[in-house]
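Shared between the two complexes below is chain A, which pairs with chain B and chain C, respectively.
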Partner chain A sequence: MTASTLPEAALGVLPRADGSAKYSHAGYTVTASVNGPIEAQRRDEHPYEAHVDVIVRPAAGVGGTRERHLESILQSSLTQIILVKNFPRSLIQVVLQVEDTPENDYVNTKLVQASLNFAIMPALFQTSVLALLSAGVPMRATAAATAVAVVPEDGAKKIVVDPSPRQIEIAQSVHVLAFTSQEELLLAESEGDFTVKEWDDVYETAQKICCRPASTKEGMEMVLDEEDAGGPDMRHFLRSTLESKVTADLHWK
Partner chain B sequence: MATTSSTGAPAAAPSLTFTRPVFAKLSPHPYLLLSLSPDESSSTRSRRTNGRAPHEARPIQINTGSLSQAHGSALVRTGDTTVICGVRGELLPVTSIPQFRPTPSYENADDEEKARKELKEYDLLVPNIELATGCAPQFLPGVPPTTLAQTLSTRVYSLLHSSGLVDGRDLRVKYRPVRPPQDTEAMEEDGQEEEEEEEEVKAFWVLYIDLLFVSFDGNPFDAAWAAVLAALRDTVLPAAKWDADREMVICTTKEKGKKLNIRGHPVPCSAAVFLEKADQQHQDKGRHWILLDPDRLEETLCGEVITVVVDCEGNETRVRSLEKQGGTVLGRELIRGFVGVAEGRWKEVVKAMG
Partner chain C sequence: MPREAEPSLNEREFVLKALQENTRLDGRELDQYRPLELTFGDQYGVADVTLGKTRVLAKASAEVTVPYTDRPLDGIFNIATELSPMTSPAFEVNRPTETEVLISRLLEKTVRRSGALDTESLCLVAGQKCWSIRVDVHVLSHDGNLIDAACFAVVAALRHFRKPDTSMEGGVLTVYTPAEREPVPLSWLHSPFCITWSFFGEEGEIALLDATWLEEQVRVGSCTISLNKHGEICQIAKLGGTPVEAVALLQCTNVALSRAKDFSAFLDRKLAEDAKRRDKGGLLAELSAENDR
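Moving on to the complex of A and B:
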């Protein structure tokens, strides 16, 4: 049932940051702030490009090794879409604060979890892209990510978009894929037990969500009732969020 | 002839007035590029600066049982990347697990699944990776663990659980209570007719899996995981028994220890993508090379990396993990092809493991 809820987002929620965004979907709520380009620390300074610094703060406690891993994944992906060469020797800082996560009633919540946190990755990804857009950081493309799980069900395998923690627990494999707006595969993380064939199916499902082609050319009356593919249309979502923000900002004219 | 006819790439070697190491240090990207795309007129094939072909991995050497104090150990060497792994079991009595719940056998028929949950819930596998000072110049002494070390240990930790390598049932120390004769009467009064006492878990083995990089020359994950796999296969836990009178676990050297039951043979295979244009912001990316088993110099020059963990033990190749990040070159087709490359690597590593 988690997939049925549509994503929500707000831009410019933090007054002091260069750009910020709040995003919630599938039980996750994340707030991001972006500052940049600012002066880089001496050790991070790169002579030809901007250093992208990503900080993930969990909802409870301080970040551990798992957050470091998430940060490194986000950092390498965001560096690809930001035009880092335009800002040599500077720093673009993205701080992500997780506010809310869906809870799994079946397991004890511990601070150190054994598995990678796949389900939170799309939320972190979308929030950081929205915050970067809000900060006006020049980018090569936008990007969107989605989480997909392959869950065994009555002997057959079912592909679940935006799986709940319970579904992840029983899933055979969990995948996170991110695509740029040019429909290139930016990030692919998978865990579990799967074949190349299954991965192909997952790839197609994820691609449909992240870069569904606009049905009518720039048509404002999007065909919203045609929700057959399952899961939200991320590309359209990013676009419409920004459009509404721009309209609100230019309202005084 | 060769020098005059070339228009695009200049013939580097004769015109250079400094040596190869200096060139590599000064401008590493052109250095690797020139090596990978030799003059078309010359007969040399595309080579990496370390002399390997783009799809050639370094041979792997695996030595097991070299640490005498650990219950299992392995030394893995691929080129100049050397990692040593020691596995040591420590006993954890259930009384010191705060959230311990003895799960009765009737609750869940699938014992294997239950054991898997125990592994996760009670943290019975504790991997730790240390990138020691001196294994490569970028690691400085006296600093907290680097992002690389933390990321690596998270990856090893999550793969250990997701691949289900260790059977949780091997880590239980069980005890079947012997019922004194007078107790049976009391039980009969209760109306329960239990012929056989249930085995209860009294303690768990916790496996501390410590990895130390002796020298670091790129591709740390492949070497680290191979070391973990080889060390776990080598691990023999001493025979342990619960002593009801003393209420503690006693290990004996008289009985032979128990080898761990390791399921499957997941082997990782990593590669990095080297782009012709260091500036990847153009629409046209130019040529690219997929460099298998990258070394330290190549890793610093490549943004996009891929790691595929495969297990070809059954008749169908199973992918256990796939990680690709930091670029957009590797699409669906290339990743599918890369799984084939990983299958080849799997055979090599399994052969080395013996």
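Moving on to the complex of A and C:
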């Protein structure tokens, strides 16, 4: 499976949820639904702010500690960007259903106990942001995430954006970084051995992907731009997805 | 958790009155299904079924495990149905509702107990190693008739699924990865489908197929018939509700048979289309190490 495909997204795919989105990139496909603000359960109720509930459901098998870990990371970063103070004593529920993950053709996977990979984080993050936007939940900023791996190659170390399962297997460290639309670092999670220098390089690469300045040039020149930067332009992608959704919705005007 | 909103008295009366005049709110015939769509994923064994606004995703997976001690010659086959809050916020995680229990029970009876999948063929080494096949049913959106959609998705996913190829040489079992050998299909014996009738009216005299969520909320009873295209009935479930005339029920089974034939033809066509899409260059037949049954 090729990792360098462009991301794809659709908004409002589920008719009964308040907001929903389907996102696929680098072999990962995730569908998300957002309901909220709705009535919170007693134990989740907070007198001053809304409780953000994130549920990650693997495609096959039952969820375990890895899913709970991803949920807690997502929950804390989404709480940062949603204006939770606007909805005291309520609940904003984000359900993420993993549909497809890239397979490693060289290994037979154990599937009954699902074990989600760290590299699925950007897909989960992007989908939840898109679904929140589709549900019209007020947020202080949008955000984009990306996964970066440091892979040893002929003695030297190479930085790989959106690593494939095979690359993750041989990688020395895997990092997930998320930036808000105001170019602030929202999330930084790392796995493996790395130096400060390596992390700085990773940070720069991720920032380039998540917050590339809006290009004034259109058409041919933009295509060229994309090539030399290496990796997709997440901020532009988020914007264009929403623009097309809004145009489709306001078609009647 | 918020409760599901019930239809108001006016809404209820409106639906029932319309049905008495042989009209459904969406303009369908009484025995007409909503448009059925089926898409397969990039991986083997992923089926996405859309029936009107109802959407169900089924994913099949396989793993080598130890068989149950009381059935050393059989493989393991499980269907996991869990309704997440994605279906509706009224469903909670880790707290099965009645709907969920009924669906998993019916799927179990239809697909597992009818012997659709030959579990003996899943045995690798008697009493030591066998395949464990698992199907996960994810309900993404619920607009009535979950059972029919879920059953169709499970059957489609299992027929599309390929498990890794294996070989036995001198007592050593080898499981080949997809890179080494093309995976092989499961040994599938017949394809059962669920057809659900909903009954309305004082004595359940109005029967209709593929009820929407609104219709499901106002019906007085329902009956699920599972059968394959040869007309072999796997199970009939009529769980409570208003009693229905036996003759009417017989008529229902006859219509169900024609629907099962439609489903079967539709699934065969979709599987053939998908096989054609995957078989680029016509090399798949050569790559396959599978023997004809």
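Please note the rule applied: the second predicted complex is superposed on the first by the 233 of 253 C-alpha atoms of A that agree within 3 Å, B and C clash if a C-alpha of one lies under 4 Å from a C-alpha of the other, contacts with A are read in each partner's own complex, and residues count from 1 in each chain.
Here is the rule we use: contacts are C-beta pairs under 8 Å (C-beta built on N, C-alpha and C of every residue); 3 or more make two chains touch, one makes a residue touch a chain.
Keep in mind it's a predicted model, so treat the numbers as computed, not measured.
Partners chain B and chain C fit side by side in the overlay (superposition on chain A).
Looking at the shared chain after the overlay, A:A156 reaches neither chain B nor chain C. Once chain A of one complex is fitted onto chain A of the other, the partner contacts of A:H69 are limited to chain B, with no touch recorded for chain C. Within the superposed three-chain model, A:L250 lies out of touch with both chain B and chain C [touch as defined at top].
In the superposed model, A:V95 lies in contact with chain C only, and not with chain B. After the superposition on chain A, the angle chain B-chain A-chain C between C-alpha centres rounds to 100°, nearest 10. Put simply, chain B and chain C get as close as 6 Å, counting only Cα atoms, in the superposed view. Under the contact criterion defined above, the residues of chain A that touch both chain B in one complex and chain C in the other are 107-108, 110, 112.
Chain C contributes residues 1-2, 41-43, 46, 48, 53, 55, 57, 59-63, 65, 80, 84-86, 88-89, 93, 132, 134, 136, 138, 140-143, 164, 175, 177-179 to its touches with chain A in the complex. Note for the complex: chain A touches chain C at residues 1, 14-17, 27, 29, 31, 33, 35, 38-39, 41, 55, 57, 59-62, 93, 95, 97, 99-100, 103, 105-108, 110-112. For chain B in complex with chain A, the touching residues are 99, 119-121, 123, 147, 150-151, 153-155, 157-163, 279-281, 303, 316-328, 330-332, 335-336, 339. For chain A in complex with chain B, the touching residues are 65-66, 68-69, 71-73, 76-77, 79-80, 83, 85, 107-108, 110, 112, 114-116, 140, 175, 180, 182, 184-196, 199-200, 203.
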